[in-house]
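Next come the structures, one after another.
Two complexes follow with subunit A in common, the first pairing it with subunit B and the second with subunit C.
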Partner chain A sequence: MWKAIFYKEWIKTRWYFVLALLLTLGFAGYCLLRMNRVIVFQGPAHLWEVMLSRDVIFIDLLQYIPLLVGILMAIVQFVPEMHHKCLKLTLHLPYPALRMVMTMLLSGLALLVFCFVSNFLLMGIYLQQVLAPEMTKHILMTALPWYLAGLTGYLLVSWVCLEPAWKRRVINLAISVFVLKIFYMSSTPEAYNSFIPWLFMYTVMATSLSWLSVLRFKIGKQD
Partner chain B sequence: MENIIECIDLTHYYGKRMIYENLSFSVPRGRILGLLGKNGTGKTTTINILSGYLKPRSGKCLIFGQEIQKMDPVLRQNIGLLIEGHVQYQFMNIEQIEKFYASFYPRWKKEAYYELMNKLKVAPGQRISRMSCGQRSQVALGLILAQDPELLVLDDFSLGLDPGYRRLFVDYLREYALSENKTVFLTSHIIQDMERLIDDCIMMDYGSILIQQPVRQLLDTIRCYTATVPEGFELQPEEGLYHPSVRKNKLEVFSFLPAEDMEAKLKEKQVPFNDLKADKLNLEDAFIGLTGKY
Partner chain C sequence: MLRFSKILFYTTLVLLLVWQLPWCYNFLTSKPTKAPFVLYSSVLGDFILTGNEDGTGIKRRDLSGNEYTQREVDSLLPTFYYRQLMTDERFPDTLQGVPLTVRALQQENFNFRITPSDVNHPYIPLYPLLESMSGRVDLAMPDDVFRITKQGIEFIEMANNTVKEEKSRQFTEALLKKGFTFPSTAIAGNPTTRKEYDEGYLVLDANARLFHLKRTKDRPYVRAIDLPEGLQIKHLFLTEFRNKRSLGFLVDVNHQFYVLETKTYDVQKVSIRAYNPEADAITIFGNMFDWTVRITGAEQDEFYALAADDYSLIKKYEPQKPEKSLAQKLGAYLFPLRLSFTSSSDKYVKPRFH
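Then we have the complex of A and B:
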């Protein structure tokens, strides 16, 4: 049955997934191209010098891309479920409701993780050819909270979308903005290094929120 | 006879507005029961409670002996649900939706679904979002028939359908329910369709059940009485006399009383009447007679 759930989620999200993959790889590739241009015109030594002396990481453009991709994934996946209350059909299936919701979230997360890992691989493979391992790690660790924000954004917006009452949706949205702000409090590279386990914990905790919305849906909460 | 649905003392409010109080009814196996009521009497509320998407303020609702909110998910294999407006996954096409549902139901009858789909003359790859309401109704019905549930819960099945599709839906459903001894609980705004389909009816008034009985028994006993009365005369409603009205000098009143009893009753109330006539009614007229036009 879980295969059928993945199948349904795949039908909803497949075109968006392709778009998200191309978009994120496109932006990551563009950032790498900018670095490559500096190397071609001014040499790798200049790139290293700029990075070390001015704390530049060259991938700032990516900062909000994973978040945007995660939010849109939740909208693409869960708005059709709430359209005409289609979620009733899903929850009526002879499959435990909690497992159903978690499988749906897992399918969205799996696609996002695939997308984000491909970004990291692209950046990692290129950067280790032109930079010292410490500098590659410096860039990737700076980007990691942004990608975690993408996953958390997906989970929080899923929570908002699945909520049956508009008033509560607005409250959930406000809480989501507040939580997501935590991921963007500092623009200093690697500022979050010691905080990453906490950010990861926020992401894991956000998984359970959608279930609260579904429980409210099941008891018929409305405006 | 074994009850498939049993609702006991259901009470529900939206905010401070009471929908109904201590509503109890049951649906025995193999019967087709229609829930009739004006807008706002709680038909959709009842369907939502029955399908587990609304928790009543008090009372309980049992299906196959289990409380719906705590029901074992596996038992839902035996409940076919049609949501108002024949809602189905709009993003799927005919083949995808069949493939999706088939995984959840062990008794899945693919051929029952495709038999109905072949009549639609739509391409297998056509998305449900691009279908007419009539075509969508056939997809929803086909999926329910393929699921082969013991109980069908249908919310306003005639909504948005033209007469042809309504007739097709009703005929298919009735034949299926009778041949397979299925239990059906349904609502519809179009009462003529109900008359062709249902065995029993529940008529709801604001806050309570007005009547619950077999349709045949209802139509055999209810009468519309007309008589000539002086202009300006008014007859007050009372037990046994439903929605009396006088237009010019014509009195109209609905009742389950036989003609002799009605005559006696009018005399007892000193109504100055002539030419008392009793007419048999169809289900729609009976519904209007019992619940009123307003």
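Then we have the complex of A and C:
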């Protein structure tokens, strides 16, 4: 059954997934092109000096892209589901509801992780050619909270979308905004290094929030 | 699963409230603090406080409460306001029996400021080693940077991102010859061309021994610095002031502050109580006669006037701890537990409960 659910979710999100992959790779590629342009016009030494003497990482443009991609993934996956009342049918399938919801979330997460890992691979492969490993790590570790925000954003917006009552939806949305704000509290590179394991743990745990909304949906909560 | 989801939901809600409510309260009730600008006057033999007093504008007073005009303060602080005194043709010929010239003042004056966030911040452990005796007036950035590993010092050429084997071997051997134990535990330098000369880096090795490393005529200059018995240095700051008298400032594990002399490599203890670079900010205004040192801790400020020649204490000023406002007292009562993610003491983001 889980394969069928995965397939159903894939059918729903495949075009968006292609768009998200192209968008994130496009932005990551553009950031790398800008770095390459600095190297061509001013030399690699200039790039190194700027990075070492100032808090510059050259990929700031990417900051909110993973979050946007994650939020849109949740909207694409769950808004039509709720709008067309498909969730009711889905939950009536002969499969445990909890496993069903988790499989749906997992399919969305898997696509996002694929998207984000491809970004990291692209950046990692390019950066290690032109920069010392310490500098490559500096850039990628700075970007990691942004990508975690993308995954958390997906899970929190899924929780909001699956919520049947508007009042509670607004409360959930407010909580989500404040939680996501935590991922963007400093522009200092590598400021989140010691906090990343905790953010990762919260992201994993945030998967369970959607279950609250689905249970409320099942018992027929409405405004 | 339902129980776990509910616990997560309510925990998130509580944490957000513990974070946001005190923040909103502080945002709405906080008022600017009016800390005066304090300098020690060798002429007066006292501190001069310049600050904005409520309703009366800027006032300049000594610790006894005597009030001075701006013009009087210019004369009381001739090493600080020498440009004004020159313009007014009031610049003194001598001070404390020492002949004064603008050039000598400019040479001896310095400002030094380090805040906790200058110490507690993420950084890339790669350092450019400038040529300190290039023969040119202006300093130039090198084409490589170095890292210190367990095996030795490695120079990486920036143009092609490869290790310069020969140069790395040469510097590693020079360090080993002087008894350096790899890796380093602290490195301090000012890797910029916006300075008058270059003294390279102060480096603490794996055994906490202090070394001076620089590049002179493309060759390594390494000096092992003998520290007084029992002195364990934790923080290093390379000064590179115009007068070239001090090479650096050192702070030991007990938060004692020392000056490392340039020519002799002598370590001189400075007569201030304690300075913890990870928690306190330090500001020093130095001139040829005295230093005014300000230590700003979490609670309050301390000011020290030190003799510039032997760093002995001339005078100390500890302002009264500002009384908490009603809003602050009420805030402490309303929000006994606070959560924040950032701090003025460092540049990291992590949860901190107060």
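One rule holds in what follows: the second predicted complex is superposed on the first by the 222 of 223 C-alpha atoms of A that agree within 3 Å, B and C clash if a C-alpha of one lies under 4 Å from a C-alpha of the other, contacts with A are read in each partner's own complex, and residues count from 1 in each chain.
Here is the rule we go by: a residue touches a chain if its C-beta (ideal position, glycine included) is under 8 Å from a C-beta of that chain, and two chains touch if they have at least 3 such contacts.
Computed from a predicted model, the values in this text were never measured in an experiment.
Annotation: superposed three-chain arrangement on subunit A; subunit B versus subunit C shows no clash, the two fitting side by side.
By the touch criterion defined above, A:H92 lies against subunit B but remains apart from subunit C after alignment on the C-alpha atoms of chain A. Within the superposed three-chain model, A:Y192 lies in touch with subunit C and out of touch with subunit B [touch as defined at top]. In the superposition on chain A, contact of A:W48 is made with subunit C only, not with subunit B.
Within the superposed three-chain model, A:A132 lies in touch with subunit C and out of touch with subunit B [touch as defined at top].
In the superposition on chain A, no contact is made by A:A149 with either subunit B or subunit C. By the touch criterion defined above, A:I57 reaches neither subunit B nor subunit C.
Between subunit B and subunit C, more residues of subunit A are touched by C.
Touch criterion not met for A:L105: it reaches neither subunit B nor subunit C. With chain A used as the common frame, the shortest Cα distance separating subunit B from subunit C works out to 15 Å.
Within the complex, the subunit B residues that touch subunit A are 48, 51-55, 69, 73-77, 79, 81, 83, 85, 87-92, 96, 99-101, 103-105.
Subunit A contributes residues 1, 3-4, 7-8, 11-12, 80, 83-86, 88-89, 91-97, 217-220 to its touches with subunit B in the complex.
Residue ranges on subunit A touching subunit C, taken from their complex, read 43-45, 48-49, 51-53, 98, 129-132, 134-135, 138, 175, 178-179, 182, 185-186, 188-195, 198, 205-206, 208-209, 211-212, 215.
Against subunit A, in their complex, subunit C makes its touches with residues 1-2, 4-6, 8-9, 12-13, 16, 19-20, 121-122, 124-128, 141, 143, 145, 147, 156, 158-161, 191-192, 341-342, 347-351.
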